[in-house]
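Structure in structure tokens, see below.
To keep things simple, chains are lettered A, B, C and D as they appear, and every chain counts its residues starting from 1.
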Amino acid sequence: MNRIQIVGATGYGGLGILELLLNHPNFEVSSIVARDEAGTRIDLVYPHLAGRTELVINSPSNDLIGSDCDAVVFSTPDGVSQQYASNLVTLGRKFIDYSGDFRFRDTDDYAKYAERHPSIKENSHKAEQLLNRAAYGVSELNKTNIAQSEIVGNPGCFAIGIILGLAPIFNEDLVEDGIVTVDGLTGSSGAGKKPAPLQHLSHLNDNVIPYRLLNHQHVIESEFTLGRLGNAQGATIDFIPHLLGTTRGILSTMHMRLTKSIDRENILNMYREFYKEDTFVRILDTAPTLKNVLGSNYCDISVFVSEDMNRLVVISSIDNLMKGQSGSAMQNLNIMFGLEQNAGLDKTPMYP
Amino acid sequence: MNRIQIVGATGYGGLGILELLLNHPNFEVSSIVARDEAGTRIDLVYPHLAGRTELVINSPSNDLIGSDCDAVVFSTPDGVSQQYASNLVTLGRKFIDYSGDFRFRDTDDYAKYAERHPSIKENSHKAEQLLNRAAYGVSELNKTNIAQSEIVGNPGCFAIGIILGLAPIFNEDLVEDGIVTVDGLTGSSGAGKKPAPLQHLSHLNDNVIPYRLLNHQHVIESEFTLGRLGNAQGATIDFIPHLLGTTRGILSTMHMRLTKSIDRENILNMYREFYKEDTFVRILDTAPTLKNVLGSNYCDISVFVSEDMNRLVVISSIDNLMKGQSGSAMQNLNIMFGLEQNAGLDKTPMYP
Amino acid sequence: MNRIQIVGATGYGGLGILELLLNHPNFEVSSIVARDEAGTRIDLVYPHLAGRTELVINSPSNDLIGSDCDAVVFSTPDGVSQQYASNLVTLGRKFIDYSGDFRFRDTDDYAKYAERHPSIKENSHKAEQLLNRAAYGVSELNKTNIAQSEIVGNPGCFAIGIILGLAPIFNEDLVEDGIVTVDGLTGSSGAGKKPAPLQHLSHLNDNVIPYRLLNHQHVIESEFTLGRLGNAQGATIDFIPHLLGTTRGILSTMHMRLTKSIDRENILNMYREFYKEDTFVRILDTAPTLKNVLGSNYCDISVFVSEDMNRLVVISSIDNLMKGQSGSAMQNLNIMFGLEQNAGLDKTPMYP
Amino acid sequence: MNRIQIVGATGYGGLGILELLLNHPNFEVSSIVARDEAGTRIDLVYPHLAGRTELVINSPSNDLIGSDCDAVVFSTPDGVSQQYASNLVTLGRKFIDYSGDFRFRDTDDYAKYAERHPSIKENSHKAEQLLNRAAYGVSELNKTNIAQSEIVGNPGCFAIGIILGLAPIFNEDLVEDGIVTVDGLTGSSGAGKKPAPLQHLSHLNDNVIPYRLLNHQHVIESEFTLGRLGNAQGATIDFIPHLLGTTRGILSTMHMRLTKSIDRENILNMYREFYKEDTFVRILDTAPTLKNVLGSNYCDISVFVSEDMNRLVVISSIDNLMKGQSGSAMQNLNIMFGLEQNAGLDKTPMYP
């Protein structure tokens, strides 16, 4: 059994990886760490865990982080894991980070992201020498790199839906001017467990709230990833996120002009070929929906073409807490430890 | 035009009475007061008001409260209006308070409520000499008193649904031992606009959360009111509130044993007779639902009887922000100023 | 009082105009007609109407339609009002139709719509000689025409949100190639009251379901209207409707490339100028949301511009049963009868 | 591998057991049968199953039902399995039925249920000789019997929440007069996949709808089971089901007077003792909620006592499609085949 420490265990992201690890045949949780509720059993904080674990929450400390484990998962805000990174590498601990700390290959790329991020105050990185040793954690695009890296930057929830949806078409350089407009629809859980005005039920229930219009930080990693893929020559993503009054899920509807006319069947085949070895990407004939992937690690994708075949619409759907967060982290851990990608992740979506 | 000042204007309760007054033929809003956002136009705080008012929020002060108006509506927490009460009475201003400050006839009754209330720290009342001059604002039961009082204590949202649902049956002393068990189902807006863990969408959506079990403070005023009504000989309400993942509405299902067998039609007729002059109470043949009263001041009620006619179930339904709060306040203001009860309140429920 | 007959009174559209007319100072309902539930009081079919009306539903017949009234509102499927149209014109009755029967100026335009519509079987029109006497009922763009016409074709719910959102920019011919991509998000009530798999709560709750991708019939009237407006030179709308698990509201996010760079403030000012006399269109600085217009006749609009000012995003929001249907019909009736546009429509949106 | 045939595979109940069996280490699905969509792959009917199974739906026939399998699960309406029962017993096939066909020990009991059921037309039973050979499938109360029976009548969804919540207290004969009042709150999925007015999203969303007041058929099996348990002397359940605008879950709040005063801690201990070997019943200190059991086979229970300790409130919560249906069926299959009760059922509830 590989032993995993979870830092930030009481947020939705920490909870997600905890639950996956508790049911995993090849991993066990060595310790859980969080600033809140230290000293308390996590099943008393989250009663849905009653009978499933009695792990006690530990306060974070330099000594604790990375001790007695094979790998660490940081489900923490931007800026946290970069403080512990050098020490972990010295100790020989692998780690995955959920924030943007290790999603970028160099300080230039990171600075563009940091500038856009609403809560990063300074653009400098505390472990910049490690950036080029980290792998960006879109498992389907970056398997070899992830398998060989000691550090994985888990992708942003919106980013992974956009990147998986657009990778085959950018790979072939078929997007006119590299410009894609994306309307993203997200459940509230992406904002975490902390009560806030936008996520207050009386405000959000039955509502749709566009936010960070043309300004969301997940666009940066999407543009870098897609614009440098295969034959691609750069990417510009005009992204409007919309907050929905539901808990889970991200559905992204992506529009672009094509550099040449192609019919739908050809594009579907291109997608099927591109993802033929990827068990978690399902190319559908019909439109993806939020509920068809709920609770699972699937990313459902379909494409639609204008009558004149000059314009393309791609729709992708994920569970933002699974493929958009802990599911991808689990998949990346499997890859890092040489296991089957779907170990501990072989779950049917919950319908209805 | 009668001129009304609203204190606590930026909460849901203040917003509710503001909107009713803005559309009322006989009232106008002289000023709005709130601790947050002072100096800002309220339609910029609440964009749904764009084009409907440009009133600017004022900071509260001793000089301001009660100035330049005919009456004040306090949509404020417990303990606020009692600080201003003596001064307002001296100035000759009528006022309505949404909290429990003026719902009780004397300090003994108030103390029982204060003890039960989760956020009242001391049980003493700062204007106890005014308690017996205030009217309890269940318009249907207390019209004459309200018309003659300068102070009205607006009822609690759960209390009004319970009291209207049970008044005819307590009035006839038909409840065995005076004991009623009530399961109350409420939308989230009763908890106000302040973000909190229980009202966080990711937590409450699709959920049902029982809370303050057998311990909710609204029971106190319900027991006093029902237990002293007509032939009643005391009341004991076992009350379980349940929080639902919806915004508005309270549906109360109330169970009791009867002191004698009665058939359903007789009880329905008793209810119709009791409320025959009350335009906002609708006695239905079918079960009330949350949505049939949404956005209106109606209280829908129906009754159901066990096969042996020894046990009774009463169901009542209100919009917690209307009949459960601002609608009742508007109705009480109408009564206090000698207007028709439904002036400014003649609204069809919003369906679907 | 002007007397109105409602045909199709028991659907959501009929219900909507019934409720508006019941509260209107200048109109009364002469009779209500529907195929279902004939002979029954409508408040027994819809208990939220208890105490508000006791109108009895009548079966449709050639004699009844148009009798004893000044105007008829058809809230009926495509193909119904065109059967009664000639007779109504002969009788001198004005009428408004909610379907596509009278939205098009000639048979060519109508045929394009009929071909796209999922439930129109034949493309011929039964009253084609009346098409050019009907006004298309986007009140803000077509006031004079509506005032002078005896027939008004009420716009489609998606169409009105798209048309109001794009009219100022098409009017100035600022859209590159006239191409706009639109992601429309709609509540379930647009599909009416009839139970169906897509609107089954267990299926739609917490879900997002894209449907009729690039193929919705409301696009046709949007393209005709926008493409012929002012300096416009045609319009192509790539439209993806998304069904949400909420009851009311349509939010449309519309993307386009501009023919020249313009900054946001200039575009906002262009919009404010364009709609300066239109009380129901609100140009906002912040993003529109579904809930800020709920239950009202408002259309909220805002615009956002890419960093290089070459691409524009417009967001519009309406209540699909109000501005998207009965509210617009009421506004058009007001215009047809020479009343203030907001008579009977002066309602604050319901928030929270 | 034990081979299971599913009859009624395209309803929510059939889907539920299909998904559990597909992931089960000791079972496999031999065939799926349904009247709709015969000849189609079930993953094309339910795209959330894409990549998980390619089983094709078969039309029901006398030859097919029971062929090539070790056991049959009937997820069919009342009256279906009793037609095939004798033949299955002859063939030596075990079976579980989701309807009321085999929940009752004799024709008298069955007749009381049939009379109450809204869609059973005749009260006679087509396989009455088998009634006393069937076990009632509340696994926690009836393990031995289930293990030895070839037929199991899976309990009603409301019944299992009520029975598990009240069994310890009836077992000790502590309920005054055996009378309990129950308010049950249920998601919409209990009504199945067929579109219907009550489950139409525009009607049910944000609503609470009480239905079959004091008249629900699940009460019958609850009264028989509880009233005959241990020292119990009969049971009367006054039951009000309430339909909520959510998909899954049943929360039951149950009120009773006690035959003697007991404090809360004693009752909690009695419950913990009663269920000490039952992994799926969790006795909590805090109130159960819908979401804490979502997607799992748990039944969460807690109890609350009036101040004078004379009255008791019990709250239980289940996922109606898991413990309330397919989860219980899976648990019963495990028992029938001598496996661990939680085989294939060891799932963490989905939160948030």
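Assume a contact is a pair of C-beta atoms (placed from the backbone, for glycine too) under 8 Å apart; a residue touches a chain by one contact, two chains touch by 3 or more.
These numbers were taken from a predicted model, which means no experiment stands behind them.
Of all chains in the assembly, those touching chain A and also chain C are B, D.
Chain pairs A-B and B-C differ in how many C-beta pairs they share in contact, with the greater number at B-C. Taking the mean Cα position of each chain as its centre, A sits at the greatest distance from chain B. Centre to centre, using the average C-alpha position, chain B and chain C are separated by 37 Å. If you average the CA atoms of chain B and of chain D, the two centres end up 40 Å from each other. Taking the mean of the C-alpha atoms as each chain's centre, chain A and chain B sit 46 Å apart.
In chain C, the residues that touch at least two other chains are 12, 187, 189, 193, 202-203, 205-206, 245-248, 289, 291, 294, 352. In the complex of the two chains, the chain C residues touching chain D come out as 12, 187-189, 191, 193-197, 199-206, 245-247.
Listed in rising order, the residues of chain B touching chain C in the complex are 12, 15, 19, 22-23, 46-52, 189, 193, 205-206, 247-248, 279, 282, 284, 286, 289, 291-296, 298, 300, 321, 346-352. Residues 179, 181, 183, 185, 187, 202-203, 206-211, 213-214, 238, 240, 242, 244-249, 251, 253, 255, 287-291, 294, 304-307, 311, 313, 315, 317, 352 of chain D are the ones touching chain B in the complex.
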